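After this come two complexes, each holding chain A, first together with chain B and then together with chain C.
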Partner chain A sequence: MSLPQLGRHLALARRGGQTVLIWSDRHFLKFAAWPSLVIMIAITAIPFALTLALAFTNYDLVRYDDWRFIDFENFRIIGRTRQTTTIILNTVYLVVAAATLEAAFGLALAMLMAAKVRSIGLIRSLYLLPIMTSPIVVAMTWRAMFNNNAGWINYFLGVAHLPQPLWLGNPLLAMPAVIISDMWTGVPFMAILLLAGLLGVPEHIKEAAAIDGAGPLQIFRYIILPWIRPVMFVAVLLKSLDLFRKFEGIAVLTSGGPGFASTTLNLHVYNTGLRYHQLGLAAAWGVVMMGVIGTSALVLYFALGRTR
Partner chain B sequence: MKWQREKFLVLLIALALLAAACSTDDGYEGVELTLMTYASTTEFDYYATLMDDFTRETGIKVNYVQQPVAAQDQKIPLLLAAKDPSLDVFFTGSENIGSYVGVSGVLPLDSFISDSNLTPESWDFADLAPAILNACQNGGVTYCIPSHAGGGLLYYNTRMFEEAGITAPPKNPDELLDYAKRLTTDEHAGFCVRGDNTQNLYTAFQLWQWFYPYDNDVTGTYFDKDWNFIIGQQPNANEFGSWYREILQKTAPAGIATYLVTNCLEDFQQGRVAMWHDDSGMIPEVLDPEKSRVSEETAFWSLPCQAVNPDNCTLVQPFGTWINAASENPEAAWLLVQFLTSKETQIAAAIDGSLLTPSRVSVVNNPEVVASLPATFTEALDHILAHPDAALLPFIPEGVAILPPMLNGLSELITSGDSVDEVMARMTAGVEEIMKAAGYPKPFPEG
Partner chain C sequence: MNRTVPDRLRRLPALFDWRVALLVMGLVVIAVPYVWITLTAFKHRVDAAAVPPVLVSPVTIENFRTIFDGPYLGSLVNTAIITFTTTIATLAIGVPAGYAFARGKFPGKMLLAGWLLFSRMMPPVIFIVPLFLYFQRLGLINTFTGLTLAYMTGLLPFTVWMMAAYFADVPEELEEAARVDGATRMQSFTKVALPLALPGVSTVGLLIAIASLGEYFIPFILAGIDTTPASVGVVNYVGSNTINWGAMAAASLTLIVPVFVLTLVAQKGMIRGLTAGAIKG
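Entry: the complex of A and B
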């Protein structure tokens, strides 16, 4: 904007008796956003660009002064690696299964917490406790509970004369064990988010439906669920992103084993970069992980996020 | 006026003399060092109790940091590569020497050792056992001072042996497998080693000593001098792979594929496994009656070398005391290293029961120390030290880089249904690909 234009705006503002400059009022948000935008670029975009560049090198921690660009060789290695499909499928399995189960149980818990009973506030607060517990403590406790010989879970299964499976040492049960341990914090998390949505459903609509003869299930299906759909989308999206990044639960419970039975992309990036010191290859795995997450977010958006 | 000037000069000289008299002899007052080592290890727990004594003697304060194995093993290479001066002295296994020297992360110590102002004769460098000291040297240069040499040995339960009608520990892998099968009952498993793919190389290395030849002191059982991967060579590869698969699938505790050292230790302490092959550093844990139900029925054994590897069949993992090349107080750090590895410290630690495998010959032969060692361990220790293989990882910069295909292959031997042939072939191909990408074959390094 030129100075004459600015002058005309100021004159208009004074003539109207307004004390706020119209020009700065219109552009205030843009100026206010600059500092945070610069910081965001510095801490996200720059590291992202560097990681992308690293993915095309053979950089490792030992020969860090002898690296070179190797085109797509890291991605070719990923394509040739036997465990690539297993790792990606494990990741998808964890995210889909855990997010679905936690959404379902979280919604059920939220419905209970939406009830108007005495001390409901205290009950809601108690359900926050798992979320407040340190993830590493949660993981270590669940590892102890899943212990074949001395764990509580198999003990109570034995008391009930039920099979006592080998939770962490069985390739078929390792990931379910991780999912179960994640649900302990995931279900309350989802419940808190969905509760906010449930409490926003207008009572008069539910009452009107009830008067018209709709049963509880019909009210839930045709009124409550559509109403909380946007909240559900946000909750599932947040939880899915969290599950893609899940690390301590898997590292402590199974170390990604037995074999690769519970190795996910995030854990594999960590192993490749920090255990085996191959940072270039780890960066390439990170790019693959980003692709998987981006694809999943798109699928989720089309499944849940689009409003009618 | 002249008199006043003279008076002033005398006062100045007196003040200077007073300041000199008040300063410490060694000039280390106010220096603080950071030492990092492993948690939950009796030897390092013991050294922690000595730090106040060290401070009193030298004026140097020590920030003694103990952390879990995984944290220590991951943080140290990163700190060294980043030339982080916040770390001064640390303990790790000497198998890392190749990568530490590769990043110029550790100080060469020969200049300190030969400097009589810094190192008194009484500290006695020559007293360090040569076979152990060798693992702390690269290209003839000393980079660490060994504090102990952990040895791989067999822990076994004498009561279970008796119940199974076994009168003596096994002498070869076939006997070990046979005994393990006989000792596998409803009450206990026959044999345990670390199966988790974050730790399985450590014990697999101990077991494959009975199947592969030892080629040289630099690459041990990994490569010959033409850089051929020994572990992948047939028929030894299939023999080892089949034996490893059978003993772990048929006689090990359920879930062995995710077993860490702590799992085997717990099982042995609780009487749920009859034999366990691992590092000798766990001995205090199994002999402590407050922690172990089998403290009265535990014995130790070092399996004899087999014909394929008659001289270097026992894991000797010297633990080194290193100085970070980026340390801002290298001389003070050297004082700390001397203190921790001195004869007096090792004798006290050994008598305390915290140090079972001292690195000093005079300490190993000290009558008080010998008397304090557990029964049957002395014989095992003699065998271990007489047949050392210190190359837990090959002493080359790529020592860590070849781990992924090896760890994966060992895990697949237990967990996958693929034939042993296929698994060992994949392991070999993976290692060869990494070595080729690193530019091998290269001239073979000196020991």
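Entry: the complex of A and C
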């Protein structure tokens, strides 16, 4: 290769390199975003599409090479199942009761936490601990606390001469037990989110209202509540989504029992698919569950999230 | 008048503020399960299951010997591996995506946004059945790769979402200035935006680590004998017939203590981290 030739090659290569640089510069955002997109398609979008497809098959892990599409048969089975109403109502019960209680107590706690007093930072961060604690540890510990004879709850109820119910074995008390154990993490969770909203209420508006003669209750009702409504919406939405997918706190605490007394949609999808291997039917239950979640999100949006 | 009172004394009444009193009472309620775990972890097996319960009893480390002699030690190692790989992989993929999301347009942005929201709403049980089926096909059941990928179903959308909020806080003018000076997009990301969003990255990383440390549902289904993490292993002490509360409590402590330390060390960022997504998102 002659010297000029080499020079030309080098120049070309350099220009080529530059083009690559400009090209990669122009498309940098794409390169930054697409790996996420690809992985999301692989681990969530394809499984989601498969669930939709499975819902119309009789796929069963026990005889997995003999499956076919069965139209809406799975949904007909769900319609015929005696426990369907119970399971859906249990789910709504858990989500509505726990989210409401946690929003109310959480707001009260957040208002206390908004106090500008000494060591409030330490107190706030201690309230973070239940949120961060592994849900499985929480579930097992509450199972011990609710234990009939050896549990602390009934022990202290006995000390106070109150009735000592069979918490986890009583169909009427199983779900309240699940809700109580959920509140242990749920109330601090709500409080931390609402605190951020409360700290955003401008002082001068409150002061102006106070000068105009508004009492603390009026300030709360007409200034604080409307101001934190968007935050309340997001907090309740996030918490509700967590409650829909609550697994450990039910599976370990009550196993959905006694009978079906604390079985929620989430637990039932799991039971049908992974315990009884009826993947097709489980997928159909999953579709029902998504319907319930979607409807609830819409209801919540119209109740709290709409901006006037 | 106040000026004559030493600072130290003037701050004292704050401790007796009624709001603080209520907050401390709330903390006592929060503390009860932790107290139970700690006391039970150091109890003899008989005392741990005593009827009626004995609150305080002779101290023993028998429970810790039980868990560290058994398979639990291996599952703790597995937890460390999974937590590490999940945190690194999710950050490596999610942080640039969060940046792309906060800045400018790219093809597929709306699709990604919609899907992020959607997968935040859908419960993992929807994904886990098909994931189980095709992981089985691909031989990803009982592998760390498979578990890391499955953990990302929830954590990746979370990371992209949160990092988008953090990057939106970085003033775009700074990056424009760098680009006027000849920096490429890549350089303005790594040299300007990323260092400024580093507190956000570390907070999100901590939240990912804590979430993977405690994750139960996914490994319960997709892990096998060689990859079982501690969150699944701990349940082995609570069988349907025999329950070893002491060993369970000791094992729980090994899951709680690291999270306590991480939370208290990073508390400021964490409160922000928990709320950033909620308030801005």
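Assume the second predicted complex is superposed on the first by the 265 of 308 C-alpha atoms of A that agree within 3 Å, B and C clash if a C-alpha of one lies under 4 Å from a C-alpha of the other, contacts with A are read in each partner's own complex, and residues count from 1 in each chain.
In this text, contacts are C-beta pairs under 8 Å (C-beta built on N, C-alpha and C of every residue); 3 or more make two chains touch, one makes a residue touch a chain.
Since we're looking at a predicted model, the values are computed, not measured.
Novice: Once the structures are superposed on A, label A:Glu248 by its partner contacts, choosing first (chain B), second (chain C), both or neither.
Specialist: second
Novice: Chain B or chain C: which reaches more residues on chain A?
Specialist: Between chain B and chain C, the winner on chain A residue contacts is C.
Novice: For A:Asn58, is the partner it touches chain B (first), chain C (second), both, or none of the two (neither)?
Specialist: first
Novice: Which partner does A:Asn149 reach: the first (chain B), the second (chain C), both, or neither?
Specialist: In the superposition, A:Asn149 contacts both chain B and chain C.
Novice: Output check: A:Gly257 vs chain B and chain C. Expected answer is one of first, second, both, neither. What do you get?
Specialist: first
Novice: With the two complexes superposed on chain A, say which partner A:Thr84 touches: chain B (first), chain C (second), both, or neither.
Specialist: neither
Novice: Applying the document's definition of touch, where does A:Gln278 land relative to chain B and chain C: first, second, both, or neither?
Specialist: In the superposed model, A:Gln278 contacts chain B only, not chain C.
Novice: Applying the document's definition of touch, where does A:Thr133 land relative to chain B and chain C: first, second, both, or neither?
Specialist: Second partner only, chain C.
Novice: Check chain A for residues that touch chain B in one structure and chain C in the other, and list them.
Specialist: 149, 274
Novice: Taking the complex as given, what residues does chain A use to touch chain C?
Specialist: Contact set of chain A toward chain C: 21, 24-26, 28-37, 39-40, 42-48, 50-51, 54, 109, 112-113, 115, 117-121, 123-138, 140-145, 149-152, 155, 158, 184, 188-189, 192-193, 195-197, 231, 234-235, 238, 241, 244-245, 247-248, 252, 266, 269-270, 273-274, 279, 282-283, 286, 289-290, 293-294, 297.
Novice: Show which residues of chain B lie in contact with chain A when the two form their complex.
Specialist: For chain B paired with chain A, touching residues are 74, 77-78, 81, 99, 102-103, 195-198, 253-260, 267, 270, 272, 397-398, 400-401, 403-404, 408, 411-412, 414-416, 426, 437-438.
Novice: State the interface residues of chain A toward chain B in the complex, per the touch definition above.
Specialist: Residues 58, 60-64, 82-83, 148-149, 166, 168-171, 174, 254-261, 271-272, 274-278.
Novice: Where on chain C is chain A touching in the complex?
Specialist: Checking each residue of chain C against chain A gives 11, 14-15, 17, 19-20, 22-24, 26-27, 29-30, 32-34, 36-37, 40, 49-53, 93-94, 96-97, 99-101, 103-109, 111-112, 115-116, 119-134, 149-150, 152-153, 156-157, 160, 184-186, 189, 210, 213-214, 216-217, 221, 231-232, 234-235, 238, 245, 248-249, 252, 255-256, 259-260, 262-264, 267-268, 270-271, 274-275, 278-279, 281.
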